[in-house]
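Presented below are the structures under discussion, each in the form of structure tokens.
Consider the two complexes below, in which chain A is the common component and chain B and chain C are the respective partners.
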Partner chain A sequence: MEKQLKIDFQKLLETSNFSKKNVEIKRKNFENFIEKGFPNRREENWKFSDLNQIISKNIKNLSFYNDLSKPNKIDQSIFIDGLEHNKLVFVNGRIEKIEFDYEEKNKMEILDDLVLEKSNNSNNSLLFLNNAFVSKYFKLIVKKNYSLKKPLAIYNITNKDLVSKSINLKIDILLEENSSLKLIDFSNDKSITNFININYNFDLQKNSILKNYKIDNNSNSNVKYSFSNINQDSNSVSEIFLLSSGSEFIKNEINCNLNGEYASAFVNGVYILGETKHHEIKTNINHLVEKTKSYQLIKGVLEDTSKAVYQGKIFVDSKAQKTDGYQLSKAILLNDNTEFDAKPELEIYADDVKCSHGSASGSLNEDSIFYLMSRGLNYQEAKKLLINGFLLDVVEKITDSEIKNLIKNIMSLKQ
Partner chain B sequence: MLKIKNLKADIENKSILNNFNLEIKPGEVHAIMGPNGSGKSTLSNILSGKKGYDISGEILFENKNIFELETEERAHKGIFLAFQYPLEIPGVNTNIFLKTSLNAIRKARGEKELDAIEFLKLVKLKAKELKFDEEKLNRQLNVGFSGGEKKKNEILQMSILNPKLSILDETDSGLDIDALKTVADGVNSLRKKDNSFLIITHYQRLLDYIKPDYVHVLINGKIIKSGGPELALELEKKGYENFN
Partner chain C sequence: MREKQIDKLKDYKYGFTTDIENIRAPKGLNKEVIEFISKAKKEPKWMLEWRMKAFERLKNLKEPNWQKPKYPKIDYQDIYYYSAPKSASEKPKNIDELDPKLLETYKKLGIPLQEQQRLNGIAVDAVFDSVSVATTFKDKLNEVGVIFCSISEAIQKHPELVKKYLGSVIPLTDHYFATLNSAVFTDGSFVYIPPGVKCPMELSTYFRINASQTGQFERTLIIADKESYVSYLEGCTAPMRDENQLHAANVELVALDNAEIKYSTVQNWYPGDENGKGGIYNFVTKRGLCKGTNSKISWTQVETGSAITWKYPSCILQGDNSIGEFYSIAITNNHQKADTGTKMIHLGKNTKSKIISKGISAGFSDMTYRGLVDISSKAKNSRNYTQCDSLLMGNKCGAHTVPYIKNKNPESNIAHEATTSKISEEQLHYCQQRGLNPEEAVGLIVNGFCKEVLQQLPMEFAVEAQKLVGISLEGSVG
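Then we have the complex of A and B:
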């Protein structure tokens, strides 16, 4: 793979007009990735999901250069129906549409051809890969006091032309003071066996609100990694909802820094998995100052030989008194061959805090099924009602009623 | 309506019911009284088709053997079990559950399913009759309900589904006297010439309010004595131990 990486990186540099400085940054990221490679289970963060193995098992002859010179057609039929929204559309990793028809243009800044100006200082090899190979990245700034009138949907579409490629996207979003954004991440993949690596960076200034709904619902054979870094200033709110269901593998990693007092973060998610799918949600919620709050509720329903992993960490700095942190994960295992791994972690250095965590998994309650069947429902109907009820609890946490309804529809939870 | 012949039930090689016989005709109310562990709940579970028992004998419902029928098929035929411990079903709205249930049964019977408006009209009427707090119908099924509310909810379901045979498994346990009366009124209002009831209970108390036609004493999985309502009083006086 190293040989392929070198050829493809060279190709990228030859076909792009990066400045000397850009090239330098990219080369550094590239070298870091070459040194570290894809993460494997020897890293604590990846111990339940050995990405190196997952990639070699699922993707043959992975290549890294992606020719973005030609436009791709957009399949309009995949757009979310019945919800007025702004659109940002990527097809096979190339931006094909930027449409903010509902918004006041002077309240936002949209930059779609940024190149890396500084190197990331993390130790995450997939960010190295991302920053080495991403050619241009996208940034949205929502100006002070402006709330987008309609949600923004970022479509990440891949079509059947894309096979065994690594796609890297980088998106930065800055919410200035008192601004707000509802963001729906929606993927639709007709491609097969690609590695899709998305890096989000959110900056939430004072009193701003981010609601982010990440919907992975359409069955596909791709392997994905989505990393969201969120920095929150005082009084800001982030609400994340994950529907983790369609991809062969996806790891959603969320790193959230609560840097200002009264900042709060909510991460709720559901896995609905079958076949051989393997999904992970990994969170790091860092309470770094006083009086911040976090809440995490994760539920999963697993069938066939699927596997779900939840690693949820709450870190409380010694300065962060009056922290309120909560996390709970639950899974229903529909047969013996499914697996749910939960690793709740609390790392607390302050003494006046309220933190709790819990995790439970088990099979469907047969007595409940008998109860529902005794009222005339057949086994499948009873099972479905119980599972939907189990998951609905998480969906009800969504604070935007329009998007809540949309997600209920997508999950067929409409009662 | 219901004819049980030589019913034998084991669970994990332990005999629960043995040589159990019972016949209930349309319009009749039968009470089965027995101490803890006598097989009362097993009987109601088996009639509703719960799995996990080794059974032999015959259970005829309207002259057809129902041994092979699934739980929901028995419900479609008109058998209803009011649970001793109604289950809490998180995330499932009570009203929606009731409508799903009623329409599943109506559909199986070839009747027209009720739309939302027709259903709400029916449920409101029944809830009022049973003094069941309507607001609770918008909550998750039995979640956070008190013991009494759960039992009333069972009777509400019974009155909406309008079964031919209702089995009440210790419906009186955990009820205060007012709730007991409400529940009994609910049952009495459903007594018709073609509806039958099987009331399973420890105590004679409920039978003050629901007058049975027959009382049976169940001990160690077998009916040892049958008689009229006076048998319940005798039992109350003597206790199960001295009863033989």
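Then we have the complex of A and C:
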């Protein structure tokens, strides 16, 4: 694989016109990745999901260079129906459409040729890979006091032309004071066995609000990694909802730094898994100053031989008194060969805090099924009703009613 | 200078050393030292081979490094692996023949052997450094057929039992410290309870590290045969030391059909001074195997000492309907660090486990609960309940919870809960209003917080443990 990496990296440098400084930083990142490689189970963070193994099992002859010179056709039919929204469309990793029809143009800014910053002190080899191979580095700025009128959907579409490739995307989003953004990440994959690596950086200034809904619903054979880093200033709010269902493997990692007083973070997630799918949600909520709040609720339903992993960590700095942190993960296992692994972690250095976590997993409650059947439902209906109720609990946490309904439709949860 | 030393002694009640000349193996870890140990213990050939196998394996192993408390690198060539009080080379036949200095040490520790023999009805297998010097109450135990002796004696007298069970729970190849122990273990206790016997008394061992720079490598093996019951107590105190001392013991428990083992520990080793200098490294491997159906193993621990505590008493629930329990109080003060918890590995059907962990941190200390609950796909209808609560005193300390939960069986249920909090002002105020000083108030509240675990200890221990909880937190308030 190392040989392939070197060839592909050279190809990327030859076909793109990066600045000298950019090339230098990319090369550094590339070397770092070569040294570390894909993470494996020996790393604590990847204990339950050995990416190295997953990639070698699912993807044959993975290559890293992606020819982005030719435009791709956009399949209009996959756009979200019945919801007015702005669009950013990526097809096979190439930006094909930027459309902000509903917004005031001078209140927003989109940059697409950002140069990587030098300091990358993280130890995450996939971020090294991303930095090395990303061809365009985007940045979206929402100006002071502006709230987007309609949600923004970032479509990440892959089609049949893409086989055994790796896609790297990097997007920064800056919400200035008092601004707000509703962001829907929507992926639709018809491609086969690719590795998709997405890196978001959110900066939330004072009083800004971010709502991010990540929808991965179409069954596909891709392996994905999504890393979101969120920095929050005082009074800012972030709300993240994950629907984790479609890809063969996906790890959603969220690192949230609560840097200002009264900042709050909400992470809610749902797994609906079948076949051999293996999904992971990993969160790191860092309470760094006083009076911050975080809330996490993750639920999953597992069938066939699927596996779900939840690693959630709440970190409370010694300065962060009056922290309120909560975390709950639950899973229903429907088959003999399913597996749910959880590592809900607390790391606390301040004494005046309220932190708790809980985790439970097991089967459907037979008594409840019996109750419903005795009232005339058949077994399947009873089971469905209970599962829907179980998952609806999380979906109801979504604060935007339009998008809540959209997600209910996608999950075919009716009330 | 002198005054300072006396002050130090005052802080740590059990901080004193007895000067008895030691027989030592030369420093370092090599083939010769292992041969020396084996020879000194008059071990048969198969035992030496077993040790050598572990030593060979050790060469390929690396020290684990995932734990939270980091410690300075240990130079394994700079440790004495064997030291025995000189008077033990010819073992005394009964207690009266013991070196009076030894007896004096025990007296200071509060376990006068003779008295204990007469009053408490507890058989004590006291370990002074690395050799068992006295085993009491043998006659009474002999009557019912219970074997309670040092492991070296067991190797000579009951080789068939030792061969069968030694290493059956903690294999030679387990991990660095366990393998190190297998290669160089010096002494420890051996207990065998024959079928159908309920051990008539609580068995107890007092460990004590004495010689400077001697890592203690204890090996304990307890076997409860069919339908038997035993309760085993382990307590530790150690003299004041400035350099860090390594302690890597292995404890193996085996419970056969319908048998029950209750293992209680009160650990109060020297934790280092207020600045975090010195103190014991307690890296212990404790594991119990519920081999038979309906068997039960219960671990109870009160951890107040050691500079670094790093241990996970575990249960492997192999037999159907077997039960594993873990009750723990861990208290860290000053610069102490603890990374402790349990592993419950469910293999058999209808297995149950329960984990209650209470962590209290004060001063500059760090306390981590780390636990694994693993329900395999064959462990149908299994249950686990975990509760871990942490109490923080001040904002210089840390309390962490790292549970690993793995469920591969749809018919099994796992529930985990954890909370972190501090002692509320109202509670303190309420107690003080009624005439308690702040320290007493904290002691009372903490004892209430720990009650669930303290209740699990045998009577004799519970009182001692309760006192220990109070002593450990002295100076942490105000």
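Here is the rule we use: the second predicted complex is superposed on the first by the 412 of 415 C-alpha atoms of A that agree within 3 Å, B and C clash if a C-alpha of one lies under 4 Å from a C-alpha of the other, contacts with A are read in each partner's own complex, and residues count from 1 in each chain.
One rule holds for everything that comes next: a contact is a pair of C-beta atoms (placed from the backbone, for glycine too) under 8 Å apart; a residue touches a chain by one contact, two chains touch by 3 or more.
Nothing here was measured: the structure is a model prediction, and the numbers come from that model.
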item: Touching partner for A:Gly274 - first (chain B), second (chain C), both, neither; value: neither
item: Partner chain(s) touched by A:Ser318 [first = chain B, second = chain C, both, neither]; value: second
item: First (chain B), second (chain C), both or neither touched by A:Leu346; value: second
item: Of chain C and chain B, partner touching more chain A residues; value: C
item: Which of chain B and chain C A:Met373 touches, first, second, both or neither; value: first
item: A:Gly37 touches, of chain B and chain C: first, second, both or neither?; value: neither
item: Partner chain(s) touched by A:Gly358 [first = chain B, second = chain C, both, neither]; value: second
item: Chain A partner contacts - residues on chain B that touch it in the complex; value: 48-51, 70-72, 74-76, 80-81, 83, 86-87, 89-93, 96-97, 100-102, 104-105, 108, 140, 157, 161
item: Residues of chain A defined as touching chain C within the complex; value: 44, 318-319, 321, 331, 333-363
item: Complex contact set, residues of chain C against chain A; value: 66, 377, 390, 392-422
item: Residues of chain A that touch chain B when the two form their complex; value: 365, 367-368, 370-379, 381, 385-386, 388-393, 415
